[in-house]
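First chain written, first letter: the chains are A, B and C, and each begins at residue 1.
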Amino acid sequence: MKPLNSLLKLKLLLPLTLVLLCGPAWAADAPVLMMATTTSTDNTGLLDYLKPYFEKATGIELRWTATGTGKALAMGQNCDVDVLLVHAPPAEMKYIADGYGQNRREIMFNDFIIIGPAQDKAGIKGKSVADALATIKAKQAVFVSRGDNSGTHKKEKSLWVAAKQDQPEKESWYVQTGQGMLASINIAAEQSGYTMTDRGTYIKYAHDKGGNPPLAILVEGDDVLKNQYSVIEVSPKNCANAKADLAHKFSEWMAGAEAQKLIGDFKLMGKKLFNPNAK
Amino acid sequence: MDYIIQGLLQAFQLLFSGDAETYSAVAATLIVSSYAMAASLLFGIPLGFALGHFRFPGRRQVRLIVDTLLSLPTVFIGLIVYAFISRQGPLGQMGLLFTLPGIAIGQTILALPVVIALSATAVESMDVNLRTTLLSLGAGRRQLLQSTLWEARHAILAAALTAYGRVMTEVGISMMVGGNIKWHTRTITTAIALETNKGQFALGIALGLVLLLIAFVVNGSVSFLRKK
Amino acid sequence: MALYQLDHIIHCYKDQPVLSIEDWSATEGMITGLCGPNGSGKSTLLKLLGFVERPSRGQIYFDGQKADPFSQGVRDRVTLLPQDSYLLKRSVYKNVAYGLHVRKNYTHETARVQEALNLVGLSADRFAQRPWYALSGGEARRVALAARLVLQPKVLLLDEPTTSVDAASAQLMKEAALHAHKQWGASLIISSHDVRWLQDICHDIIYLFNGRILGRGQRTLLFGPWQRLDDNRAGKLLSNDQIFIANKPSDDDKAVAAIDPARLTLHLSDHEIPEGSNTLKGMLTSLGLEKITGAISLVVAVGEIEFTAYLTADTFATGDYRPGKEIWISYRPEDVKWYY
């Protein structure tokens, strides 16, 4: 009993002491670039995949906090981050016009899809986005919305407008989760409802479910479903202490050949998640 | 149900394989909660003692405020602290946002009312004969305070443990102020929130069990100390 | 010079006066007993004398100096064993040594603690390292006393030291208190319901009732209800058809009558009752000796009520005062004091 005990203790303590000995993490020497991004780039693992290449290429340590596009933009406005990687073009344009950001650079895109239970009781499979939304509304099928002012939520709201439908709000079939994409997909699955998601997150979700997800892709390929990701540097005119040079290097690197190839090669379950499209 | 069993297995796997991400989150949790506890005990015990020991005008009102602050929601604290230490905020120049000390500030605000209220109660509920006894044995003013504090040590320890429990398990402040940055400010609770968001329920449960294990070790050592 | 001099002391708890003493003094080197029913103010008086509380009004002089809690020179010389002694949450040794540590007096600490424990009949070997919770009631009380004795105080105030402890513990504590008096001349002020013990050792016994000092010696108290007999007299029927009659100024039913033993006269037959006195027939139930003064106390039971009177040894020797004998007590109605 005793040797086992001490062995366990050792195994427990060793990594812990190592981590503690490494000292407080915020005291690292490398220049640190702070980014606010959306949950989709983080949850899919894309950033974890790119981070070491970026650091090797530039010697800059990349840190990010993953949140909705709405909060990410607010963090940039409050000068809490140096750079943004977001996906809500109209909001981004306004943000730059307001003087909070600069040098918006398109990096990559994936597309949004509408998913729902494989049985598809409302019968939206293969329809256009406008028809699908009209059908869901007419049949009062459960539709899960992020409801968190994120890029995805903004996109979804724009689709209701494009479909010439009143934006649902309090309707009982319209569920606003206020949570991240994967959490919202899970909620849709629990309620046998429909939802709109970016493809990347869906692939990740399908992967987590062992390739046999309860929710299937029902609507895809419509032009309005394109999901453009861009890097925006926080404007040093608004934020004197923003690390504009580091932000610019990140923007350059992301648009550069190495990163673009890496993004194109990033696969989950053999499926490509993002399409690089930097100009 | 699968999640729970998977989670249990994964918890052991994470701990005994020395999984670096897990230990980084454990370290962040321990560092942050240690700072927060040190600060809240340093300020909270004297304040709680004063509140419980001395009779002064307005004491009941102060007590009411402290008791009300026990209900401070963690996300609200997170929001307030964020507003203060955001670079646009009054303390923005200190660069505390997205750092462990930043989280510790929020958690100190969370723990302080707990420590103050419970140590005040501990001192208030001391035996009425304690004061008489200490004075009759010749204690001066300072010794009276010291000895009363020492007599209340068990109840104050319980207060500290309660506060520690709140600090270790909160997620709102860590998420809001720390930003859940991997390798830096990702604590066990924000990691659980993230894994849940990502649909990795088993991993979330595993991390939860790790947190419980830490709490068990802390409480175990305290109960060992208590016997002394 | 008086050890204590109390000057117009009034003490209140939550605006309720609980003790009121116009003028009282205690002499150095004496043993003073405090007796009186529960709630009469004995504990309060001891707390004031122990400088644990500050009187609401009035001034206490100690050794001729104005003294207050935390006064220099008071803390080191006076110590009180409160009625509900509290043991610190530490070992027996640390409890006893606490007062020495407070005084930064570390010389021969171990030996002194051992000696103090021995004085109260606790062997240091067996008890010193015990935690506070592993003691019986009597042991805890003795440890508390040892914690006072180790200081060799000039004044030792004991509040009901022997109440609710076993007979053996009580005996050990009595001996230890007396040891302090004899060994280093400690003045003792002791409150106790053990009248016999007080009579045995005290130079002076004062009787308290309703927060006031009624005077020297045991008092006999009679509680209402009272029957109005005529304009200025009231009576109480004692159980064997005798009536206790006294001059009573008001109709307050809660009034308590007290008789100073010095105002009671004893008679072996009913022939010698003086003019103007009231007489009650009772039975002599017990005798006691006040060792210090040499006076002999006699308790006479009239129905349920026990009257205490004193005789000098000389007077006592002239008569046949055997317990069990019928005896008459007489008093003047105007000598009965009323308390409301």
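Here is the rule we go by: contacts are C-beta pairs under 8 Å (C-beta built on N, C-alpha and C of every residue); 3 or more make two chains touch, one makes a residue touch a chain.
Everything numeric here is computed off the predicted structure, so don't read it as measured data.
Colleague: Compute the centre of every chain as the mean of its C-alpha atoms, then state which one is farthest from the centre of chain B.
Modeller: Max centre-to-centre separation from chain B belongs to C.
Colleague: Can you figure out the chain closest to the middle, judged by Cα centres?
Modeller: Central chain: B.
Colleague: Just give me the whole-number Å value for how far the CA centre of chain A lies from that of chain B.
Modeller: Centre-to-centre distance between chain A and chain B: 32 Å.
Colleague: For chain A and chain C, what's the span in angstrom between their mean Cα positions?
Modeller: 84
Colleague: Give, as an integer number of Å, the spacing between the C-alpha centres of chain C and chain B.
Modeller: 53
Colleague: Using the touch rule from the top, collect the residues of chain A that touch chain B in their complex.
Modeller: The touching residues are 8, 11-12, 14-16, 18-20, 24-26, 34, 39, 43, 48, 63-66, 77-80, 179-180, 182-183, 185-186, 204-205, 208, 239, 241.
Colleague: With touch defined as at the start, can you tell me which chain C residues reach chain B in the complex?
Modeller: Contact set of chain C toward chain B: 47, 50-52, 69-70, 75-76, 79-82, 84-86, 88-89, 98-99, 102-103, 144, 147-148, 151.
Colleague: What residues on chain B touch chain C, complex-wise?
Modeller: Going by the criterion above, the answer is residues 127, 129-133, 135-141, 143, 147, 150-151, 153-154.
Colleague: Can you list the residues on chain B that touch chain A in the complex?
Modeller: Contacts found on chain B: 15-16, 18, 20, 23-24, 26-28, 30-31, 86-89, 92, 97-101, 179-184, 194, 196-200.
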